[in-house]
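Here it is, the structure, as structure tokens.
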Amino acid sequence: MPAAAALTETPPLGAPVYQLRNVGKTYARNAIKALDSVNLTLTQGSFSSVIGSSGCGKSTLLKIMSGLIPPSTGRVVLQGKPVTGPRRDIGMMFQQATLFPWRTTLENIVLPIEIRDGKAAAKAARDKARALLELVGLKGFENTYPGELSGGMAQRASICRMLITEPAVLLLDEPFSALDELTRDFMNMELQRICTSRNATAFLVTHSIPEAVILSDVVYVMKPRPGHIAEVVEIDLPRPRTLDMMTTPKFGAIVEHIRSRLDKEAFI
Amino acid sequence: MSLERIADSSPATEEDTVWKEETGWLDRVPRAAKMLFVFAVFILLWDLVTRFGMVSRIILPTPYETLKDLIFVGKNLLTGQYMLGALWITLKEVFYGFLLAMLIGFTLGVIVGETAFGEQAIMPYLVAIDTMPKVAFAPLFVAWLGFDIDSKVALAAFIATFPIVVGTAAGLHSADVNSRNLFRTMGASRWQTLIKMKLPMALPQVFTGLKIGSVGVMAGAITGEFLGGGKGFGELIRTAASQLNTPRVFSLILYLSIIGLAIFTLVSFAQRRIVFWQKDRVSTGGEG
Amino acid sequence: QELTKVTFVQPSPSAINSFNVFVAIGEGFFAEEGLDVTVESINGSGPVLQALSSGQAQFGRPGPGPVLAARGRDVDAVFIYNFAAKSNFGIVVPNDSAVQSPADLKGTVIGTGTADGAEVGFARNVLKGSGLEEGTDYTFLTVGDGGPATAAFSSGEMQAYSASTADAAILNQRGVAVRDITPGEYARFFGNGFITMGDTIRNNPELVEKFVRAIYRGHIFALDDANRDKVLAHMAAGNPQESEDPAFAAALFDAVRSKTIPVDMTNGYGYQPPEVWEEWQQVQLAAGELTAPLPDLTAAYTNEFTLKVNGSQN
Amino acid sequence: MSLERIADSSPATEEDTVWKEETGWLDRVPRAAKMLFVFAVFILLWDLVTRFGMVSRIILPTPYETLKDLIFVGKNLLTGQYMLGALWITLKEVFYGFLLAMLIGFTLGVIVGETAFGEQAIMPYLVAIDTMPKVAFAPLFVAWLGFDIDSKVALAAFIATFPIVVGTAAGLHSADVNSRNLFRTMGASRWQTLIKMKLPMALPQVFTGLKIGSVGVMAGAITGEFLGGGKGFGELIRTAASQLNTPRVFSLILYLSIIGLAIFTLVSFAQRRIVFWQKDRVSTGGEG
Amino acid sequence: MPAAAALTETPPLGAPVYQLRNVGKTYARNAIKALDSVNLTLTQGSFSSVIGSSGCGKSTLLKIMSGLIPPSTGRVVLQGKPVTGPRRDIGMMFQQATLFPWRTTLENIVLPIEIRDGKAAAKAARDKARALLELVGLKGFENTYPGELSGGMAQRASICRMLITEPAVLLLDEPFSALDELTRDFMNMELQRICTSRNATAFLVTHSIPEAVILSDVVYVMKPRPGHIAEVVEIDLPRPRTLDMMTTPKFGAIVEHIRSRLDKEAFI
């Protein structure tokens, strides 16, 4: 059963790759305080989730971590270097697959390479892209245009696009929330498989407690006004996780615990 | 299972990595200054072209001549002399022309957008008519409606109608399948569906049509005056042009363009009031 | 007394070009005849004829060429008063041009103004008189009026311009000095004048007579230099913008007025010589504006009213 | 907990309540028949108006006269006589005019849509210029470019440019925040973002602008010919009009409208090929 | 634990209100067989769900039941009368709230009355609408325009619109799937409360197994190609249901049973 959280930080399981210290963010010329003094450390190969009500600052946190927007205060360090803008060693994925309809699946996947290193490098990366497509079960769809892919297939292609640059960390902002629940469960298992196979460090934003629990080693519970991390829950379910685990009492207990921490009024 | 809370809010000893997003110096220049700058560049170029005789004064007056004439016309208008009368006539034509275009455009738009017959059998002809040089119809309107403002109103309406038809029809098509199904489950008649759902939903695009039409209606009225007599602003421009009084032509056109802008702004304002629920988009003029 | 409403339509917005009408309005000559005249300006002779044949106007002032073309299409327009008796067309060249006579125009491009056809026919006729043939010796270029004509001169795209009297006068006024090289004999090819429909003459000859009398009186009044200031005031009332610059307006008025005085005064003002009508028809036929001679050319015009009002009849 | 499976697929003993959705008889009439019907009604009205002398023949010819002339003009065109030459000139003007409009419109559209400076300081002037009667600029173009096709090309381009600017600018604004963020996280430069993302995304709206422009370019070329000479179709119309040869005017205009439709169709076709990923909407002409 | 399903129909718990016999549907001139011989009976006051993969014919079934489209074969009877078009005694709700932005919340709610009985009746129904708004916790938002409502508030308003005509049955096509999961759980509890308080018969289409289970007395599992009901699962969890129940082993077992019936290949 979940116990009360300790006030000290546990040592990282692997080497620490991502460190946030005192990160705060105010929007609209200091009128809206979106984030207040967030501290967290991600370790190599770990899977963490952040859960919280709408508007509590989850996306803001992710944007700061990815270097899309600067924090107002605090320090973000990735692999020893401060983050001061978009970086090559960060892979990011959004709620929408955002594949570009005028490029084939393969061309979409090599896009980050094309942008960073030019057309020749993109061409050279095609084999790698094909291998990734096979990894996510999209072999044979290389030359298909995204318009012909289903929602789940498109999201898998966008996973490939994220992975092609071999980023040290994956930042995922509700990547599957546009999919129906059955497809989503399936995609989550795929995501776990891919992260494990590449030993990637992942950080997931989600609205769904079961999703957070089934995937993560650590779940950060955020609360709003201003956004802060109210609780850190370590999930010690065995790996690899399976969907069956979602019906075990242990899983139910963790979900129940987290649910009880999220005040319902926030969701009206 | 162990839980852990981070409350490590001890002040960071290392320096913050707070960085600033770059904003170009241009973004910090106030809008009015930028507009003024473009204006100044434009006037300078204009002045250079005329000053060094790259083009005859009869064809392109100097900015100074134009400014003098603008003041002259402005005075004439303000003191209620003959130009005010001419302006009034043109404004009446524009007003009634726009009204007529709205009436016809809206009706045709509903027929085209709501009925398969309209879309399949009427729309192709409307497109064909729109590609014709409408100027050629001016004598027909004069023959039917005479030299009074009626014939100019007709031409103005003729030019402004098509975009309104297209806007209305496209707007009616924009009703989503959910709303349609909802109205069907409520047992709404076709008429009720049209009035209570499709038409309000079409309003944003109707206004896009109205904005394009508002520009056309002005052109229509002036063209009508060029070709079909009358005592409006078009006649003033024609007289000035035939006398090679180019500064006057320019200043009259500038006044017309101010009025055109005013009408456009009025329609945009009406849109904001009437379609109050529409979210503002980055406005890019004509297409709103 | 109830005034009869009448619409007169002119092919350009200029009041000076129809000065007798505006004088007749200003001096009350129309009112004395029981007429209330409205003036409308449209764009060219063709639309004037269309306006008359659709019944929107009773009187107009087109060129003789378009009237013949219209009669070729069964439009019963009838010329009733010769206004631009000394022709309102001319071939002009820049003042500093070496060209002195039409014969010097061999191998050049000649610009024409509006597409009325009449001035094209007129120019073609003049050049033929000097032994030049279109296509081999010279070509026409439609340049429109005013600004573009100026540009065509300065760019060298045309060497001569077949213009109306008013156009040439305006060019001179605006500093583009031009010189008319039309030989005097072509002055017999009269220009724009007053017309009405055959129906009107048959059904309401009194109306036509009243109209012609009023414009005749206006014409005579304007020819008298003693009335000059009054006449210029009437012009300004008719089109205030045209007369904003009084010197400009006066010069234009003088140029237009001088062309309304016939060379041969035996039949008085407004008279149309039948032999010139014959010549006009030949010009139109040569230009292809008419495909065949009119069955009855004399139906295209009548001097009846003119002679009655100008006193030459007796 | 008990589970239950329904496999009660025994044939229903009661009658089925299958019902048919009503389709109006009009929906079952083939489209060609409807179009023909509208055409016939139109011709009939036209015939009645002219037959009973409601309007003079030199203003509105009878349908029969027009048909005869259509055939005459058609023969002239097919046998390569002078009208074909005129048509060729007008087509060249339209072609180059459209090309120029695309070039300028696209460039300005990118400036307006991509830079704050363009949107704030240039766009207002473009709107103001668009409300001016463009016809008044014809003499200026003639003065600069002469009486050859150049001046007509310029006027045609002038009229067609604005919709392309608006379409391009609006299209550039249509890039969603997700795509923008994605490109930023990939470290794309502004130029890369423009070329690889915003421009392709703008294409559907660019084509909307091109369609509106394609109609305008025709009007521009003809107007240019009306006012600046040349030997194109506009001159033929002008000559016919001055000769009061109204059937000819009508048939020339009809041929022009066919060409206009063809250009419009060509642009739509290009759109389907180039923007292959765009889903077909219910087409309502001009706005596409 | 779930047992094998019996092949006979159990007698209805209340009086039967909705009966489908042999309902089939083919689209596109008989090219696509969307539904094949569906039989089901809804009883007064019951809450039923239908679950199945994307494209298995759930929406088609609901549209036929609501009279939006005609079946190709079979018989649909509601309260003794065959359904041959939209009917007053059916309330329907879609995935999107579909409130009209030019009407206030109150005006949106009385819209069905306005359409059926005119403006006067709609005016008279305003008090009832106010009562409904209070029931769903939207008191005070009567004169707000929908643009100012959050997603969850809008869906609650559209529940009111559905209820104002006092329909005998409520047909719900994934009504909350556009909401985030936390809000959705909350809305589901609201829906249960409202249905119970009005003794309404409800039929819900969903993609989410936990949602179907927590709300329903009976869950129909559909399978595609052609769409047919593959299994009927009765849920005998006690009422009222609470979110806590979602972590009980019994709940987990039912969810697991249903999940095992849905072949995963369908969700790619």
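As written, the chain order gives the labels A, B, C, D and E, with residue 1 at the start of each chain.
Here is the rule we use: contacts are C-beta pairs under 8 Å (C-beta built on N, C-alpha and C of every residue); 3 or more make two chains touch, one makes a residue touch a chain.
Here the structure is a predicted model, which is why all the values come from computation and not from measurement.
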Partner chains that subunit B and subunit D have in common: A, C, E
Distance-maximising chain from subunit A - centres being C-alpha averages: C
Chain pair that, of all pairs, has the most C-beta pairs in contact: B-D
Centroid distance [mean C-alpha coordinates] between subunit C and subunit B, Å: 41
Centroid distance [mean C-alpha coordinates] between subunit E and subunit B, Å: 47
Centre-to-centre distance between subunit E and subunit C (centres being mean Cα positions), rounded to whole Å: 84
Two or more partner chains touched - positions in subunit B: 56, 59, 139, 143-144, 226, 241
Per-residue overlap in subunit A, given as positions that touch at least 2 other chains: 85
Where subunit C touches two or more other chains, by residue: 50, 54, 146-147, 150-151
Those chain pairs that satisfy the touch definition: A-B, A-D, A-E, B-C, B-D, B-E, C-D, D-E
Residue ranges of subunit D in contact with subunit C within the complex: 55-59, 139-140, 142-144, 146-147, 227-230, 235, 238-239, 241-245
Complex interface listing, subunit C residues touching subunit D: 44-46, 49-50, 53-55, 66, 69-70, 73-75, 114-117, 141-144, 146-148, 150-152, 155, 157, 289
In the complex with subunit B, residue positions of subunit E that touch it: 63, 66-68, 85-88, 90, 92, 94-96, 98, 100-102, 111-112, 114-116, 145-147
Subunit A contact footprint on subunit B (complex, rising order): 1-9, 11-12, 14-21
Subunit E contact footprint on subunit A (complex, rising order): 53-54, 137, 150, 152-153, 177, 180-183, 185-186, 207-209, 211, 243-244, 246-249, 251-253, 255-256, 259, 262, 264, 266-268
